[in-house]
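Have a look at the structure below, then the notes.
Order of writing sets the chain letters: A, B, C and D. Residues in each chain are counted from 1.
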Amino acid sequence: MQFSFTEDQVLFQRTVRDLLAKECPPEVVRAAWEGEPAHAGRAWGRLAEVGVTGMLVPEEHGGMGLDETDLVLALEESGRVALPDPIVSTALVAAPLLRDRAPQAIASKWLPRIATGDALVVVGLDESPNVPSADVADLLIMQLGSEFHLVDPTKVTLNRHSSVDGSRHLFTVDWRATDESMLVGGEQGWQSVNEAFDRLLLGVSAQLVGLAAHMLDTTVTYVKDRHQFGVPIGSFQAIKHQLADCLIKLEFARPLVYRAAYSIATTNPDASSHVSMAKAFASDAATFVAGRALQCHGAIGYTDEYDLHMWMKRAWALASRYGDSRFHRRRVGRAIFGPDPQTQ
Amino acid sequence: MQFSFTEDQVLFQRTVRDLLAKECPPEVVRAAWEGEPAHAGRAWGRLAEVGVTGMLVPEEHGGMGLDETDLVLALEESGRVALPDPIVSTALVAAPLLRDRAPQAIASKWLPRIATGDALVVVGLDESPNVPSADVADLLIMQLGSEFHLVDPTKVTLNRHSSVDGSRHLFTVDWRATDESMLVGGEQGWQSVNEAFDRLLLGVSAQLVGLAAHMLDTTVTYVKDRHQFGVPIGSFQAIKHQLADCLIKLEFARPLVYRAAYSIATTNPDASSHVSMAKAFASDAATFVAGRALQCHGAIGYTDEYDLHMWMKRAWALASRYGDSRFHRRRVGRAIFGPDPQTQ
Amino acid sequence: MDLSFTAEEEAFRDEVRAWLAANVPREPLPSGDTRDGFARHLEWERKLFDARYSVVSWPAEYGGRDASLIEWVIFEEEYYRAAAPQRVTQNGIFLLAPILFEVGTDWQKDRYLRAMASGEETWCQGWSEPNAGSDLAGIVSKARRVDGGWSLSGQKTWTTRGAFCTHLFGLFRSDPEAGRHRGLTYFLVPLDADGVTVNGVGRLDGDEGFAEVFFDDVFVPDRDVLGGVDNGWSVAMTTTNSERGLTLRSPGRFMATADRLVDLYQQRHELADPGLRDEVVQAWMGAEAYRLYTWQTVTKMIEGGDIGPDASINKVFWSEMDVKMHETALALLGPLAELVDTSSEAVDRGSWMKGFQFALSGPIYAGTNEIQRNIIAERVLGLPRR
Amino acid sequence: MDLSFTAEEEAFRDEVRAWLAANVPREPLPSGDTRDGFARHLEWERKLFDARYSVVSWPAEYGGRDASLIEWVIFEEEYYRAAAPQRVTQNGIFLLAPILFEVGTDWQKDRYLRAMASGEETWCQGWSEPNAGSDLAGIVSKARRVDGGWSLSGQKTWTTRGAFCTHLFGLFRSDPEAGRHRGLTYFLVPLDADGVTVNGVGRLDGDEGFAEVFFDDVFVPDRDVLGGVDNGWSVAMTTTNSERGLTLRSPGRFMATADRLVDLYQQRHELADPGLRDEVVQAWMGAEAYRLYTWQTVTKMIEGGDIGPDASINKVFWSEMDVKMHETALALLGPLAELVDTSSEAVDRGSWMKGFQFALSGPIYAGTNEIQRNIIAERVLGLPRR
């Protein structure tokens, strides 16, 4: 029993944090709001250079050959800066899907490109028909029931949808399955779909924790600085207690997210329950912190010139998508109680 | 539209408040905890003298011939002092039941005695098999499905049950129905049962509001007096905001309770929904205030020497009995959505 | 206690309902907090005014009907039930007008009220400054005595719809020597006056509804001082009570939201968590409680009582209920909550998410709920200040 | 990261589990916070001690097994899973002993630790006074220098199980001239010493578990000063961290409550509101989150880290979760929640209501949650004091 990250892992997190602070400042997120496609900035290339995109890619394909506990902190950092690029989809979902399910020729084609940062791979699940960043994908991996298909992005029609988070570019993808396009199907297919869903949840949960951490940090800084009635508003107990509550929510969501990463990495049979717990707690933490952050900022937080709103909206979008906290409590409930007694 | 009490009604409330402050101080409640039967004090006689017990008894039977809007504030006051006597059962449930359903002979026998304070009448509903104060009843009115029966308390067996509120003396009543004992049955019987339940709810809701008001008052006094860190603890924002929240809950429960009284008095077809809203809000307000009152008191509130616990426990008992707030939201839900779709 | 309406009141309700049914635009107008939407709303306001529904409780001479407070609440219930457009004139009508009636001069009343009621002139509130939000006494914008009037300088911020309005009412520091709450004066200022610069600022809900307003030596004649020189604080506190109190948030608004939430539940309940039913009912009951509380307040006012700090109880309740109602709606929408477009997938054009964001402003504006809870604790419960 | 247990740890768990299965009393003991129950619990404590399970993490010389922190948590998980009796020795073992190990003299350790582990001597905490609760620096009980030691005078209150214990550890003001936090000394006092009077005080949950302790010129020799004269505050803060931290509330406790809650839901769900399922799952997940958080903390401690003010985060979380879990249980019980007797109607002998009342003490004792949130805000987030 050792529930901590290694010194190297923590050092790597720091590297990624510094890199993203430089390459994905709020202006980059704002550019995505203005319509700039995701992946327009330099962050992606730098993430690839330090090994984030290829973390789960085997070494023989140019990757790091590491596991989800090595990747999770980097994804948390991607949440902290509200990175608009499809990092979860490419690095955490697509890479292991191709690694585990693709024939050698396909794996050799795509995995090295993922590791070098040359390929963005976007995975579309039936569960969530609005696919973010489908417009910048070099490869689409689309679910069709129990099957995953490899789809050429130049051969699909995309329809744009609008999210409350303007930096999330959502699309419905109009595509056709062929016998050649199938990557995996049947029993293995269902297993792949479930694994992909669980990985997506892990990544989104890590990002939600990062988003919450950023909103809390920003607010702590603001309330120390902002004076009313002759004192910093952070000296008022009503402000202190709201922010203490934020920290508590955040600190108890984190270990669930880290455990979920470990359970996926070790193919724990309860991994699905574990990621659902992570998603439920991370969603609730992020929406709670968003609400308190806005309240402690007051009117300035309510403007679109101030950056906070971009983080809040990302948090709202990610918390409600891929199952909100109630959905995931129901999923955990099935593990505790057995199949959903919807009749009770 | 005039949603206020008359000057006379407010004056009467003040009279009842003063009377109960004198005749039902905390020592009386404590005596009930020690096993003293309900109705042992002088409060009952004085309540009868000023007209509370006979408020709904017609004038020809020696009562006031008034309605529930006249009675509700007195019942709120009975909650404020945590009166152990069965005032709701006698004055608000039994009196109109006998008034509306009893043959002349029975009405003439019991109603005048209710008005003079000589008879305590306890109504037992199937919904709640633990009947408080059955040991001091001069007459029991027991539900059996669609029927109400008049039952001689000397001919029943009582089994004592323990409530968390030691001043609530609960009994299961072992009794036998006979043809002679039936007061009302059939379609009229169901109607009577529903009316009795609604009246009970109204009375309990009014008492819950009174309990909450007392706990809030007590706590406000305490936090002004108690000093820590060189200042009254009531000057801390964390205390202020908790008590502000208590007041908000209380102030929004009150109009629902008063409206429920009016709806019963005017036989509004939505009266059942209205009392359920009152019970839900009053239950939530009282349990919320109980929790905050204890927290703001700290350790002293946790002792049984200090009176607060007797009010808290009455609040917990009344909030959970006769349908807790969730139960009543479900009841209101049926009015909004139609019959319970338990299958969804 | 009498919770029924008189025949006259019922007749008034019927008349209002019929007029609204015939006149409320079929398609929702674009948001009144955008430049285009504001103009479209003014057309609607004009229609309301012409039918004498824009200010029913005002005297007839200013365009009203001398309606009772009860009729006013009835009007509001019907207005929201009909899903009629948001009132872009509300800051003038609900915040400024009550003060004009109370302390305004006859000249001011004649000059401003009718034009306000018709929407010809529109008013925004100039209170907050970069360093004066919750602590309004921190206002530093100055009013300097000049010949025949005053010269205003400084900056106001978070001015709702400031970029579209014609006039501003606000507080300026007229006596720099006086203490924090003293030495403020309340001015009425046309925004086309020389020296005024207005910059629109976007809000998080995507509308441009905020403005910063800069004053650079702006002349205001003496006749546009409201309520006396150096008396601005007590005048402003009057406004605060009405802003926080019932006038700005009539119960009809929340009853309409609750009804929409019930409809949404009926559409979505098979997909949603069974526990949400309880929340929907709680929301519905909350709106009902708010309605009854309002009738209690209205009765108190008719009987000559004062709202006073009770307005703070009211404000905390409705603002947090409004957030909660929208959170329940978003939970019912689940994965569709984030969609804000007009596609068939997005429910109600994303209006719940939009409404949620609007609701989030409730606990902040007109005195944050932290300030309101302080007021409740200190002025109602009598707890000691620090 | 390695969330598995070693073979040795698993073997330890199996051994503990087997022993508990064979030895935990079939019928629950009467409450340890009553005089009779306390005595019955001491019998059980003796049995634990004889099997060397009373203080597994202590050195063998004092009755322990030199178990690792990980083994200690495993022991606690099994202890609660087995529904073994409440530890009436906990204030000594969990609050005093860590300080004795850290700053106690050899004489003190030899004199007190083994007798504490066996339950032969039982300890209560003498901190709070009538005017020193959240503000411990307000302590006024005095320690006066006398020949060979100190003379104690004053009053301690809310002393848990004070009426049944043999010894008290507490703070007294040894230098009346020094500032609020200075001039306090930590003493070890036998409650049968001349001049000590103990009065039991009932608690709201019906047990007599509180006491007031009066000191009238009570002599304590120098050897029973713990951690140095006038150094009591810093010694006490060490205790506070362990009281607030993981030692007093091992995750096993909440996992056991969560499991009981799941059972209760399965018994009652057909009668209860469907929305309660969500709350039960949330409770279960909360216990799981607490367990993982604890493993994180344990790892940090093993790696040489310090808990510090994080203990406050921990305390707020578990204490409020515990209340919420019991509220959920009471909601599942509905109209039966109030019954606390042993009739067939009352569920689990009313133990949920009893547990609810006990849980309510969590946000109050060992520093109220208001104080904890101040600590979190000021010492973890770095917000300014006033």
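By definition in this document, contacts are C-beta pairs under 8 Å (C-beta built on N, C-alpha and C of every residue); 3 or more make two chains touch, one makes a residue touch a chain.
Note that the structure is predicted; figures quoted are calculated from it, not measured.
To find the repeat of B-C among A-C, A-D or B-D, check which pair has over half of the same contact pairs by residue number; it is A-D. Chain centres here are C-alpha means, and the one lying farthest from chain A is B. Each chain gets a centre from the mean of its Cα atoms; for chain A and chain B, those two points are 53 Å apart. Centre to centre, using the average C-alpha position, chain A and chain D are separated by 40 Å.
Along chain D, residues 273-278, 370, 373, 386 each make contact with two or more other chains.
Across the assembly, chain A contributes residues 236-239, 241, 326, 330, 342, 344 that each touch 2 or more other chains.
Residue ranges on chain A touching chain D, taken from their complex, read 1-6, 69, 216, 220, 223-224, 231-232, 234-235, 237, 239-241, 243-245, 247-248, 251-253, 255-256, 258-259, 262, 266, 277, 280-281, 326, 329-330, 332-333, 336-337, 341, 344.
Remark: chain B residues 127-130, 159, 161-165, 168, 170, 172, 227-229, 233, 236, 238-239, 291, 294-295, 298-305, 309, 312-313, 316-317, 320-324, 326-327, 330, 342 touch chain D in the complex. Across the complex, chain C meets chain B through its residues 1-6, 9, 70, 262, 265-266, 269-270, 274, 277-278, 280-282, 284-286, 288-290, 292-293, 295-296, 298-300, 302-303, 310, 313, 316-317, 370, 372-374, 376-378, 380-386.
Of all the residues in chain C, the ones that touch chain D in their complex are 273-279, 386. Residues 236-238, 241, 342-344 of chain A are the ones touching chain B in the complex.
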